[in-house]
Amino acid sequence: MEGTVGVVTQFLDSNIGLVAALGKIALALVIALQVAPIMVWVERRQAAFIQRRIGPNRVGLFGFKLFGLGQPLADTIKLLFKEDFVPKQANKFFYILAPIVTAVIGLVAIQGIPLAKEIVVGGHTINMQPVNLNAGFLYLFAMSALGVYGVALAGWSSNNKYALLGGLRASAQMISYEIAMGLALLPMVFIYGTLDLQTMIAAQSDSLLFGVLPNWGIFLSPISFVIFVITMFAETNRLPFDLAEGEAELVAGFLVEYGSMRWSLFFLGEYAMMFTLSALTTCVFLGGYEIPWLSQTELVALLTPIFSAEPATWVASLIGLTVLLAKTAIFMFLFVQARFTLPRFRYDQLMRVGWVYLLPLALVNVVVLALIVGIMRLT
Amino acid sequence: MDLNFIAFVVMGLAATILSGVMITRRWPVSAAMVLIAVMTLLAGMFGLLEAHFAAAAQIIVYAGAIMVVFVFVMMLLNLPPEELRYGGVTWGEMVLISLGVLVAIVLGTQVGQGLLTQGLESMGYAPGQTPAHAKSLYFAADENVKNVAATMFVDYLWAFELVSFLILAAVIGSIVIAKKRSAENANAA
Amino acid sequence: MLTLPEIGLYFSFLLFLVGLAGVMFRKNILFMMVSVEILLNAANLAFVSASKITGTIDGQVVMFFVMAVAACEAAVGLALIIALYRTKASIEADDLKALRG
Amino acid sequence: MTASINPYFPILIAFVLGLLIAGGATAASFLLGPKKPNPAKLDVYECGVPVVGTARQRLSVKFYLTAILFILFDIETVFLYLWAVLFDELRWFGIIEVGLFVGTLVVGYIYILRRGALNWD
């Protein structure tokens, strides 16, 4: 018995990098897979409250009603058992591939988010960013750039007028707002001087204005924050930017020929992308997993007397993860709230907002901040 | 035989085979999709060569922007595959082409190796050591980006500024060519 | 044994051959342009491999200029295809003989 | 193997796992669901009325113009990121250089606006 434990410990010790990588990826995947069902439930309940209805409250778990939290599970089972057919006019290979592309990109993109600072296990320091490239920004940009193809492929392969137009509109909208998104985050790179999200978060644990405010990106570059939040809605095709599936004109846009599990894979990908972008906003503008006025390092120092040195980092990381999820939840709630309160844009208005207002605003923001930072730092 | 080596060779082979698949597609959109896969694989190869920023830019610019334009044009024109006169390559031609490729590979690997070694020696490079004039390379991702930036903004300053004029010319040119005259606007879809 | 960047050079050679075959054997301008993208990608792979072999960063910098050129080429080329399709209703290279002397 | 592994390795693993999850879900629904196809179900969905024309028709060139602008500004953004990471080292030299670069592109942007390439009506 002792020998087995010894072998396992030795294996863990020598392969700590591999094991840690798998653990982090599994954690991020679990989060990504849980976001969709929970958000569907939140969305339906929230819609019901706004529209003075009750919403799903029947399906419970193990005999308890739990405000209908069992609903997503029931929905998943229902979707799994629905008929799964390929329309005869569709391009079969790409019709099947499109939802998989969307879901995989959503699940891979979320790996670029730093979930917590670092934990120490058996003397090994493990960084809690699943894909730790030191250039987290570029990784997330690359993934969101690839996100266009799931939508475009779905629209094209369905071989349906509504789907084609919906897919084209959705992809044109996504690329239009991607530029403003990139330019909105640009000032944060030169303000913090890094492309690494964790270094950026560490810089945000300082305080600003003699300790009154935390050193968060939102206070350093508020215009960037506003632009980024707007583009985030457009990138994920959510209201008020959900022209792609404007049911009044396009039935359901690129989703019109999809049903059963394929349809839900699109939503899995979309919710994972929503979570990833919300978490990115949190990391860049709201201090990520850091608690305001109490950095992770201080937290570990505070916790060390209570627990011993290594478990202290675990507890601190757990608190950090909770803080990150709580901050991200604010944005997820904002998505839902906007969906049921705001009217939809017209397509020409949408393109106008993206190209004629947001892009020049983002450029001016970059120039002004470059001059301010230049004057403050270089003279 | 380490993991990086295997991954690199597998990705390279996959990229080569997929690009072969690409040039024989009948639907333009499927060709574009296969090409996107090829570019993503190349990005992975750049990553293994420790050119981190190049890998990111390969996906952001090539797979994420240039190919979007191709896909858009293919979706806009909506060419059915029957309209393509499939470049009829007969079996005889196929054999000739494969023979030619084989000869080219042999020549390329034999002569190319000599030329490569010669060229590298003239640059002061010997296997396993960095030439004296080479700038120091940092291979952490963050440092790689800084390195590329430093070289571009100092050594390639003029090229960088000229790129902006190239882009300007391309914008104006493509809009002049593609935009319909106002008289034709009536039949816009 | 070959190192990674040397294998990269061989692969770039192979990719270039495939792209060249595409440009030569397809009659459709759209496919010819897609094949040109493969040619440019092969060149990029050669640049990055050479950068690793020589230990200089220049190859990676030049790759960005290749990328900018590729983007401009795609923009203008596809604009030409759209204009051609509008006037000729065809994008076959064989149908475009008006300028042949 | 040490605590540091190749940083691209997790991407590969995540990709494979994501493919397994998405492919598995598709396959499961294919295996579990009923299969009762009929011609009306497999037809193009246009709200139940008979299908008019085909989806394979040409669309507005506006989408193409948008995509063109996108690549050009995308390249600009990538170049600007290169400058942003080296902001402190390049100092005013970099700001002026990038100012010229952006200035040239702004000329193109104004041309696009004046030509009405972004008017969607």
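As written, the chains take the letters A, B, C and D, and residue 1 is the first residue of each chain.
Simple rule for what comes next: a residue touches a chain if its C-beta (ideal position, glycine included) is under 8 Å from a C-beta of that chain, and two chains touch if they have at least 3 such contacts.
Bear in mind the structure is a predicted one, so any value in this text is a computation, not a measurement.
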item	value
Identity of the most central chain, Cα criterion	D
Pair with more cross-chain C-beta pairs in contact, given A-D and B-D	A-D
Where chain B and chain D are represented by their mean Cα positions, the distance between them in whole Å	18
Where chain A and chain B are represented by their mean Cα positions, the distance between them in whole Å	30
Between chain D and chain C, distance of the C-alpha-averaged centres to the nearest whole Å	21
Chain D, residues touching no fewer than two other chains	7-9, 55-56, 59, 61, 63-64, 67-72, 74-75, 78-79, 81, 83, 85
Of all residues in chain C, the ones touching two or more other chains	64, 67-68, 71-72, 74-75, 78-79, 82
Residues of chain B whose C-beta touches two or more other chains	4, 48, 53, 57, 60-61, 64-66, 68-69, 72-73, 75-77, 141-142, 145, 148, 152, 163, 167, 170-171, 174-175, 178, 180
Contact pairs between chains, per stated definition	A-B, A-D, B-C, B-D, C-D
Contact footprint of chain B on chain D as seen in their complex	6-9, 12, 55-61, 63-65, 67-72, 74-76, 78-79, 81-83, 85-86, 89-90, 93-94, 97, 100-101, 104-105, 107-108, 111-112, 115, 117
List of chain C residues in touch with chain D within their complex	64, 67-68, 71-72, 74-75, 78-79, 82
Parts of chain C lying in touch with chain B, wherever the complex brings them together	4-11, 13-15, 17-19, 21-22, 25-28, 30-31, 33-35, 37-38, 41, 44-45, 48-49, 51-58, 60-65, 67-72, 74-76, 78-83, 85-86, 90-92, 94
Touching residues on chain B, where the partner in the complex is chain A	27, 29-30, 33, 36, 40, 43, 52-53, 56-57, 59-60, 63-65, 68, 71-72, 75-76, 140-142, 145
Chain D partner contacts - residues on chain B that touch it in the complex	3-4, 7, 44, 47-48, 53, 57, 60-61, 64-66, 68-69, 72-73, 75-78, 80, 141-142, 145-146, 148-150, 152-153, 157, 160-161, 163-165, 167-168, 170-172, 174-175, 178-180, 188-189
